[in-house]
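Look at the two complexes coming up: chain A is in both, with chain B in one and chain C in the other.
Let's turn to the complex of A and B:
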């Protein structure tokens, strides 16, 4: 009897330990999601998705005196309007969350429209400029006053009252957005699938439909299988040592020696190859044998059967392989750091350097002061896309499996 | 008629050859990868960089990593140490989770946990790295502060271990679930019929019989942990000498050494090329560890596959 009781105590404690352990995964996922969303939701807006990362600063001055001019107030809420200069500014926040002053309205005939930058080039003030640090107001008697952006929008308008010119105004187009990285990621997805998908599908067709059952085929298969076990950083080394020189030679462009979008895409092709091959092969193996035999019996050649019967029936499997590949491409960081570099660009070209969303996180987290807010915002974008991809793969696989049951 | 047949045959042959070429090309990539890493990785030992070649023996056994003498002996030790701790931390949790999902949990809870683990598995490593640098590291720093231990801002062995453990947990759990579910039911029925309690049966029969499958999951986890780069680099701290076994000290792994400062290194310099040598060492380490673990797995008994 005592033994039974002892057994019951042991059983209960084992059960409790198991219960507790199994919820650790829930806690981890919860912690990651809370961390990412609490840090990232502040910045998440449509604007951050469409703004460049690098800000473009200007140092401008007006060329015409404002004497005698008067503009009508467009009455924008929360904005302060300067009747002499014909512009409205507003207290606002940058994408990074710091206080700033934003130009929200500039009149067509405003002297700000004919301003020049320090080099003397024509460079008008634009709506959406933010006023950064300082500008100088010049009065009729030649005296000047420095206006600080930290004193607020009202101060700008008040101090400019009676002034005739603006000198040395530090303004800029706001940066901190992720437009470039989004475009690069899309480029990478497009290029990688464009090259990798046909390659993988044709390989799978060969292995599954045509290859004879012999040692050479087995060798090919095991070589392709070995790709799955290679860590992504080794793919990165290969990208750096093989695809970067290769693309630089191909485009005859020595600037590509430190990585380019196309070198990154080619590296990703190798990474997704086993994924595509495996997905296609498993889709081919689900297609009933009778389809193939029927086609062959009707006199179709092997090529016709392969491309007109087997391939169309395996399409859902290929699609799920493609979606899985997109997930890999979006999440990949180590390989791309080598093959594409970590320079966050705004003008995206295939032969230029820029970052994908994942590498963008790496770049902004790498400095002395990591920008966790921006990184989390990008992480939210990545997580949402990856989740959608996963769900769609599940749906496709389920309906595909049902079809042949 | 004959003509068409001949043409069809020729078309078949051409298509077959095209497909063969793509298949061979796909297979050749692994050769290119290993070949190019080997060629570039062996260069520092034979060519001179500013009049100095790297001594292979010193490189592989040394205890300090700094320019111009890059020695990675201690980094190999630290890498294996960190991965070992990560496995020790995550394997029990993963196996218990798998047991719960496969045997104990009611259907909805089992589905919920499976989905959780699948989502966890699909989170890219850069996000784990960000979470590690933004949260785990700070947690470690505050914890160490309470005991008066000074850390490098929390970047430490223990932070690396925690992040790695989180990343490999889904892998081990998913394979363990499959392994436990594949154990033949009559074994469990036999145990129950002999009077063992259900918990007893789960722990001594189901887990025991699933051992090889669970171990296969652990092997995959080890592979992922050894090769993980971005997340580890963000929390390891980058120690210049070692080996070190203290949990709160900084550490350095093979992958973090390859990745750290890659964009500052000049192309063709020793600082750049030595990364290929480390990559080569990484491939060898992964290969050796896999061989050893697969040898162990063979001794664990029969491998049940779901029928």
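Let's turn to the complex of A and C:
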């Protein structure tokens, strides 16, 4: 009887430890998600996904005096309307979360429609322009007052009261979006898988099916295992030292010496190769031996057996290797900082400079004022991209499995 | 058909077959019987060189198929396996459609014409007595068939290669009695056109379907004779003991 009691105590304590451990894990994982979502959801909008990072600044001035003009107020909520100039502005936030003043209404006949830039070309004010630092109000007697964006929208309208002209208006189309980084990330995933998967799968086929199983192949295997554990920044060094000059030579483009999407993708190929090789090898090793024997007994050659029986049956495993790879590609920052640079681009080409979402986070947090909200927003986007890609790969796998099982 | 002279098989240090001499006639059913580990399956697998897959397997002696030594360096092993088909212990259809399973062999030989492939499939499935059951669902997965149907599909797959010899390695050991009977009927049917060598654990099965029986024990071929003789008047004591169920 006493023995049984002791057993119960041990069982109970083991159970409690297990429950506690899993409870704590769930709490930690949940806390990360809650942190990211609570910080990031403020700035998350469709607009931030579709907007360029680099803003388009203008320095404009009006050409007509406004004397005697009077416009009707469209009565936009929270906006301040200038009757003399016929526009409305309101206090707003940029995509990155800083305070700004935004133009929300410009009348058809407003003098702002006929403004010119510094070269004297016609360049009208547009709705959605935001203040970029300052503008100057010019009065009838020739005196001027500088309007600062930090003083708020009401101040703009008040100061312009009685003015006849606007000069040196520093306005811009808002930047700060992550469109370029999203596209670059997708490019990186596509390119890396396109190059890395065939290389990795064929290497695994060689190791598992063709190579004689001896000390050399075992050595090769442990070498590949080791590669999965190497910090990626070391691969980044390789990217900077080899792939950047290599791609620059390959495309005969000296600009690519500053880093390019393709150099980043090639570096990522090296990073995912061990992952793909391992996933494929373990997928190959669970293909029933009887399939292989059946194929050979039917007079198929070894190569035919490898490509017609082993490879198709390993496909689900290869695809899960692809999912792991996608995770590594999206999550990679250290290696890409070296191999691709940190320039955040808007015109995305394979040979051009731009950066991935992860490096974008690094840039946002590495600036003079770290923007944790924007970083969290990008993190949410990354989570969503990972989720969508994982689900679609799983769907592909399932439809393949369903076909013949 | 097969003439084996002084054949021995080693797996590394271990001897699996010791000095086998046997002659297997055309269009007969030959059964290999014997207790587990006696070498009967190993011997069967050396007749179409499936033992090549095992790196440490080493074969000595001569195995002649129609007068040619199949272990000769010049002998094409792919060619051998198209002539000597094999059906395995548990049904091993590929995870493909029924049709693709049957034409797998011919396709690998380069047959591409769809009409020809269809004819091959129909003929093979009819020979394997499976046509009526599957003709309406050739494009369905072979994995959906029952165990017995799967095994007949594997036989059809082998027949599609138009082999001369069919090796069967305990083809009914994973099947229920009804499916087993169907396979046995099929074997009786097939022996008119093919040489069949079957390894079996089931002595009644050997008695029912084979013309000749070979009894293996501890890697040696103890006795090889007409089945009726082996089962009624075996020459050796060991054979009699095994057949009467005193060991094995």
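Simple rule for what comes next: the second predicted complex is superposed on the first by the 247 of 405 C-alpha atoms of A that agree within 3 Å, B and C clash if a C-alpha of one lies under 4 Å from a C-alpha of the other, contacts with A are read in each partner's own complex, and residues count from 1 in each chain.
Everything below uses one rule, namely that a contact is a pair of C-beta atoms (placed from the backbone, for glycine too) under 8 Å apart; a residue touches a chain by one contact, two chains touch by 3 or more.
Predicted, not measured: the structure shown is a model, and the values here were computed from it.
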Chain B versus chain C as contact partner of A:279, first or second or both or neither: neither
Contacts of A:291 with chain B and chain C, given as first, second, both or neither: second
Touching partner for A:313 - first (chain B), second (chain C), both, neither: second
Of chain C and chain B, partner touching more chain A residues: B
Which of chain B and chain C A:88 touches, first, second, both or neither: neither
First, second, both or neither for A:210, with chain B first and chain C second: first
Contacts of A:301 with chain B and chain C, given as first, second, both or neither: both
Partner chain in contact with A:332 - chain B first, chain C second, else both or neither: first
Contact residues common to both interfaces of chain A (with chain B and with chain C): 301
Residues of chain A defined as touching chain B within the complex: 7-8, 10-11, 14-15, 17-19, 21-22, 24-26, 28-29, 31-32, 35-36, 39, 199-200, 202-203, 205-207, 210-211, 219-220, 223-224, 226-227, 229-238, 241-242, 257-258, 270, 273, 277, 301-303, 306-307, 327, 330-334, 337-338, 341-343, 358-359, 361-362, 365, 370, 372, 375-376, 379, 382-383, 386-387, 390
Chain B residues touching chain A - in the complex, by the definition given at the top: 8-9, 11-12, 15-16, 18-20, 22-33, 36-37, 40, 92-93, 96-97, 99-101, 104-105, 113, 116-120, 122-131, 133-135, 166, 169-170, 173, 197-200, 203, 223-224, 226-230, 234, 255, 258-259, 262-263, 267, 275-276, 279, 282-283, 286, 290
Sites on chain A touched by chain C in the complex: 212-213, 288, 290-291, 293-301, 304, 308-309, 313, 403-405
Residue ranges of chain C in contact with chain A within the complex: 48, 50, 53, 55, 78-79, 81-82, 85-86, 88, 90, 92-97, 104-105, 108-109, 141-143, 154, 157-158, 161
